[in-house]
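Structure incoming, see below.
Labels for the chains are A, B, C and D, by order of writing; each one numbers its residues from 1.
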Amino acid sequence: MSSNAFGNIFCFTSYGESHGKSIGGIIEGCPPGFKFDFKAIQYDLNNRRPGQSMITSSRDEKDVVEFLSGFNKNISLGTPIAFQIKNEDKISNDYSNIKNIFRPSHADYSYNIKYGIRDYRGGGRSSARETASRVVAGSIAKQVLNKFGIKFITYVSSIGLIKLKKSYKEIDINEINDSLVKCPDNIISKKMIKLIELVKNKGDTVGGIVSAVIKNTPAGLGEPIFDKLQANLAKAMLSINGAKGFDYGGGFEMTKLKGSNVNDEFIKKNNELTTKTNFSGGIQGGISNGNDIYFRVAFKPVSSIFKIQNSYDNEGKKVKFKIEGRHDPCIVPRAVPIVEAMGAITILDHFLRNKCIKI
Amino acid sequence: MSSNAFGNIFCFTSYGESHGKSIGGIIEGCPPGFKFDFKAIQYDLNNRRPGQSMITSSRDEKDVVEFLSGFNKNISLGTPIAFQIKNEDKISNDYSNIKNIFRPSHADYSYNIKYGIRDYRGGGRSSARETASRVVAGSIAKQVLNKFGIKFITYVSSIGLIKLKKSYKEIDINEINDSLVKCPDNIISKKMIKLIELVKNKGDTVGGIVSAVIKNTPAGLGEPIFDKLQANLAKAMLSINGAKGFDYGGGFEMTKLKGSNVNDEFIKKNNELTTKTNFSGGIQGGISNGNDIYFRVAFKPVSSIFKIQNSYDNEGKKVKFKIEGRHDPCIVPRAVPIVEAMGAITILDHFLRNKCIKI
Amino acid sequence: MSSNAFGNIFCFTSYGESHGKSIGGIIEGCPPGFKFDFKAIQYDLNNRRPGQSMITSSRDEKDVVEFLSGFNKNISLGTPIAFQIKNEDKISNDYSNIKNIFRPSHADYSYNIKYGIRDYRGGGRSSARETASRVVAGSIAKQVLNKFGIKFITYVSSIGLIKLKKSYKEIDINEINDSLVKCPDNIISKKMIKLIELVKNKGDTVGGIVSAVIKNTPAGLGEPIFDKLQANLAKAMLSINGAKGFDYGGGFEMTKLKGSNVNDEFIKKNNELTTKTNFSGGIQGGISNGNDIYFRVAFKPVSSIFKIQNSYDNEGKKVKFKIEGRHDPCIVPRAVPIVEAMGAITILDHFLRNKCIKI
Amino acid sequence: MSSNAFGNIFCFTSYGESHGKSIGGIIEGCPPGFKFDFKAIQYDLNNRRPGQSMITSSRDEKDVVEFLSGFNKNISLGTPIAFQIKNEDKISNDYSNIKNIFRPSHADYSYNIKYGIRDYRGGGRSSARETASRVVAGSIAKQVLNKFGIKFITYVSSIGLIKLKKSYKEIDINEINDSLVKCPDNIISKKMIKLIELVKNKGDTVGGIVSAVIKNTPAGLGEPIFDKLQANLAKAMLSINGAKGFDYGGGFEMTKLKGSNVNDEFIKKNNELTTKTNFSGGIQGGISNGNDIYFRVAFKPVSSIFKIQNSYDNEGKKVKFKIEGRHDPCIVPRAVPIVEAMGAITILDHFLRNKCIKI
């Protein structure tokens, strides 16, 4: 019943507070005998890392992952893979002025009610710093899936009102990598960066949408009734800090359309069945059909704004305060590797689960 | 790892195919010593039942729930509550012409790949008939939660392009009950009905959105990291047949806004802390804060349209076919009790889980 | 976290009180496309059934299993298999005199404390009647395992002080079936029957040991660290009503011996590695090694004796009472199919789990 | 479905190989706001530590536990408690001669079959070194339970044929601590030590039994049907390396007795109901009744004997070999803190689970 674990067979258990000794976790169910590229894991981590540009938080964590078990050199043993990422650049003093204050739209109040105690330094367990560990687990999942041809394309499709026009089919992965905001369109990227700078200068923040495509997933993944593939993807995504919504395939737009517009006709391609259109988003009846899986995740604007705000403290006293510390004006680009990681964990878990259906 | 079960402490396990002997399930974790109103359960079931009006399927299931265990008269024993709903009005012959055909946007193809066998009669396990069982479990959950003052308001907020304008705060539960399409606005309801009739006459179908509000949830429900309250609500909702998306609080709209617009300032009301605005949707850091929880679920148009369609059969032959059987032109009103049921199961489960955090 | 469910992939969820409408359950994870022999399931059930001879309870339940889902005729669909066994020959009046009394060594007092309510009729949920459902699930598991050559031999190896001398390797399954007390030795069987009659005539009861052998289990089943094969077998067995102990392979006897006496030397047989001796009981490091798995389960004497006993009632008043109803003087022979069922569920679950380790 | 995790609410997930960087784990569900005594945890670890006397392995691990998360100073936050114990005194060369050899009665062969790869250094994941982590989790559980008056008494009750005569009620905890072999009887202890020395000098090993008593457990712990308290204790114990059997209360001895001999009559003591005798071992119907819980765990003689043995290697070649490395002639005294730890984890988990039954 662990709430710190995700996945059933490929299962990741997370630990760590923002300003504790380290964050990290244990990955179970990684198949044995696989050769891993540790540099690729570090590359993914670096993609999430703050301190990379003026549009991100200036907290400069090296985020070096250290593996503690589960490998013989870089070959997986089939045993649990434990790892830690040390917390190095923590300035807990930044938080002493808000020690007892419930920051608006943060987890301060709800954690306090739930646990009767909270680690105020950097948000403690509720900090998005925890998601670095998910990137490690996701990166391992991706490397396994890659060997079966499964690929992930994840990108920013909107920030504020600025929106990418391209369909999920037209994305060039190099353009994502070239963009500071992980948006696969040079012109839109520039507009997004300008918006973030504008917002940052006002001490404000802005939200956006991350889109993801999973290619070459075999048909048959997903378990009816409650572990439908989209249900577990939705859970995975809504577990990310700041996520407010999820839709897949035709999504919310589909509610406005007629059945005759959106039914995906079966056709043959290379002698395999696939569908002509893909409003289903690669999933039918909760089970993948082999077509591209694609979905969107909505992120709210970061709650840590640098303006004077009103609130209350632990003792019920009214206070005025201003958040210190180092925060992102827009978390959306940094959410890209996290969405990808959670997607990869979900898909690998279902990939392994599906192996015990037929015998 | 059961994919037919939902919940950790209050846990519902579902069984049954559309045209088998019965559907039903086992409810675990229902607290002992509660007096239940069986008529209220039947009332909720009737709300989901087809055959009630010209805008729903004409399949006329009585949907009488029969309890097999877990009660002494109508008092819960704390032991598993098993129940069944018999499948009575099944016309399996309706399906003989599509026995080997993969219907577009149905689960036929993906089930076939996954299991190597499928029950073609009425969609078998993939049929939305299964959701009747969820309504029973949800109705039991609601009765327990009601005793703690927790209330559910669930309604249709859009069908096709016709949209309810009211905020989640203005909903009158009587107006929902008075509306054939479960929309709490007399004029909008009429427009929706007209649209459904229009669509039905063309042998077509249309999608829509169900909105839900949960009132009086105590602060503290939800378990970081992966069992955040919104994550489990998202999973619950995306597990419903035809659901394509979920958002909560400010949702997708919030991606367009600034942090300074949507931060929920804490205020005092009746000497209790609450928030002035509620973009957070009653959940902060994955934990309820005591304010109203509200969310939306997108439903696609039903895939069973009454037009000639192209597809392939089991043996890879191209076919033209027309769906027979009895199907809804718009499933959205009948999804209302299902969304409510899944919401109630999720909340009661978290309500019980929260009892073992502090000792 | 369900306490009414056993197994992770092949998972059985049980419901039902002794004197409710029915007992039964839901079996998940049964592989699709298998043809089942329903008569063999009924045969196993009949083996557990009371009312068969003078040495068992005279409660005469037909124990006819009715399947509600999961099959197309007798071919499994891969969907949940639900079933019920109706409670027909219930004489609840037998229990009215003990309605409020805590019977010694029964579950009355502990259930009452736990739930604040209890179903006194026939012991309610704590009744061993529930184990009939396990036999159904186990019988299905056995049929799947049989197709892979895995066989179960389960028998009574002691009753009171009367003990079978044969090793687990010498058991003839026909002799078990021929024996009223399921003991594969004609002379010992007769002694056991005589003992049970003697004990019965005095209104008393007697305990004993059930032994089990599982042949042809492939090497590789069992999951370190906590789901070692023997750990899950131990849990399975100790979950049976009246079980007081479990040991496997050399068991408790091995504590008296030296390492040099009990190390199982590897040898080759038919060009396959196996071990010369088998003190390991077919399991090393929690994982099957391909050799015979064998274990023993201790059962206490039935607590329902027909003598005047002292106790207390719900209200703390001292009482003298005599148990009515129909009870077995010795439950051990009837425990044989239950031990076998729990063994089969455990092995099939691990068989399926093992399929998702290597890819 | 994690096989490296134990417990449902209070849940411990273990990682680590014998000769990797570290072993350790993550503890979830520890209640927040508790002040912990870290020295007491180290004390328990030291009790399990090798290298303490001539009757144990000479591997000299400091076994210093380092906490990585979950605490503010020494106060629990309610978040996951991660910790590691570094592997320092590893001499992997000791194992190079057995790199490809399947040691008799070890996990070498079965791991190799299961994973297709194994870490031969010190047994890798199958090494009993892993149990040090359990002692940390158990020590934390004990400190929480101690605050509710629940106490553990764990001791060696036999080694080889030398047997403690005392009943579980007569044990003096100081005598356990004073004994090098954790046996609460000075004379028996001396005999046991002499036996171990004798066996050691011959390069051989010997088995034994650990007994445990849990005092002051409240009535009501344990969840029918499959999570009966004794079922989860049995699983916990059989998951320990070298464990071959478990019984509780009257145990295997009870199979020889009559119902009238072993029924536990209810009596009043300090105006509370309890039982006169305690053959039930404090558990009735799977639920604690408030009386002492007591059980026994059988341990086989260590398989690492220092004699020339026959076996086969990875490639199917016959080999003669002698085990090097540092091994205990008798593991039983060092198993005492592990049995206690697993007992404490099980009880605390059920203690917390029981809090969500009644509302």
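One rule holds in what follows: contacts are C-beta pairs under 8 Å (C-beta built on N, C-alpha and C of every residue); 3 or more make two chains touch, one makes a residue touch a chain.
Keep in mind it's a predicted model, so treat the numbers as computed, not measured.
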Inset, instruction - Could you name all chains that are in contact with chain B and with chain C at the same time? - result: A, D
Legend entry - Winner on C-beta contact pairs when A-B is weighed against A-C: A-B
Inset, instruction - Indicate the whole-number Å distance between the mean C-alpha point of chain A and the mean C-alpha point of chain C. - result: 46
Inset, instruction - Take the average of all CA coordinates in chain A, do the same for chain B, and state the distance between these two points in whole angstrom. - result: 26
Legend entry - Residue list for chain A, restricted to those that touch at least two other chains: 1, 3-5, 8-9, 14, 32-33, 78-79, 114-116, 125, 224, 353, 357-358
Legend entry - Residues on chain B engaged by chain C in the complex (per definition of touch): 1-5, 8-9, 11, 13-17, 20-26, 28, 32-33, 66-70, 72, 75, 77-82, 84, 114-119, 124-125
Inset, instruction - Could you please specify the touching residues of chain C with respect to chain D in the complex? - result: 1, 3-6, 8-9, 14, 102, 104-107, 109-111, 113-116, 125-126, 130, 158, 160-161, 199, 204-209, 219-220, 222-228, 230-239, 241, 243-252, 254-266, 268, 273, 275, 279-281, 283-290, 298-305, 307, 309-312, 316, 353-354, 357-358
Legend entry - List of chain B residues in touch with chain D within their complex: 1, 9, 29, 31-33, 78-79, 144, 224, 351-353, 355-359
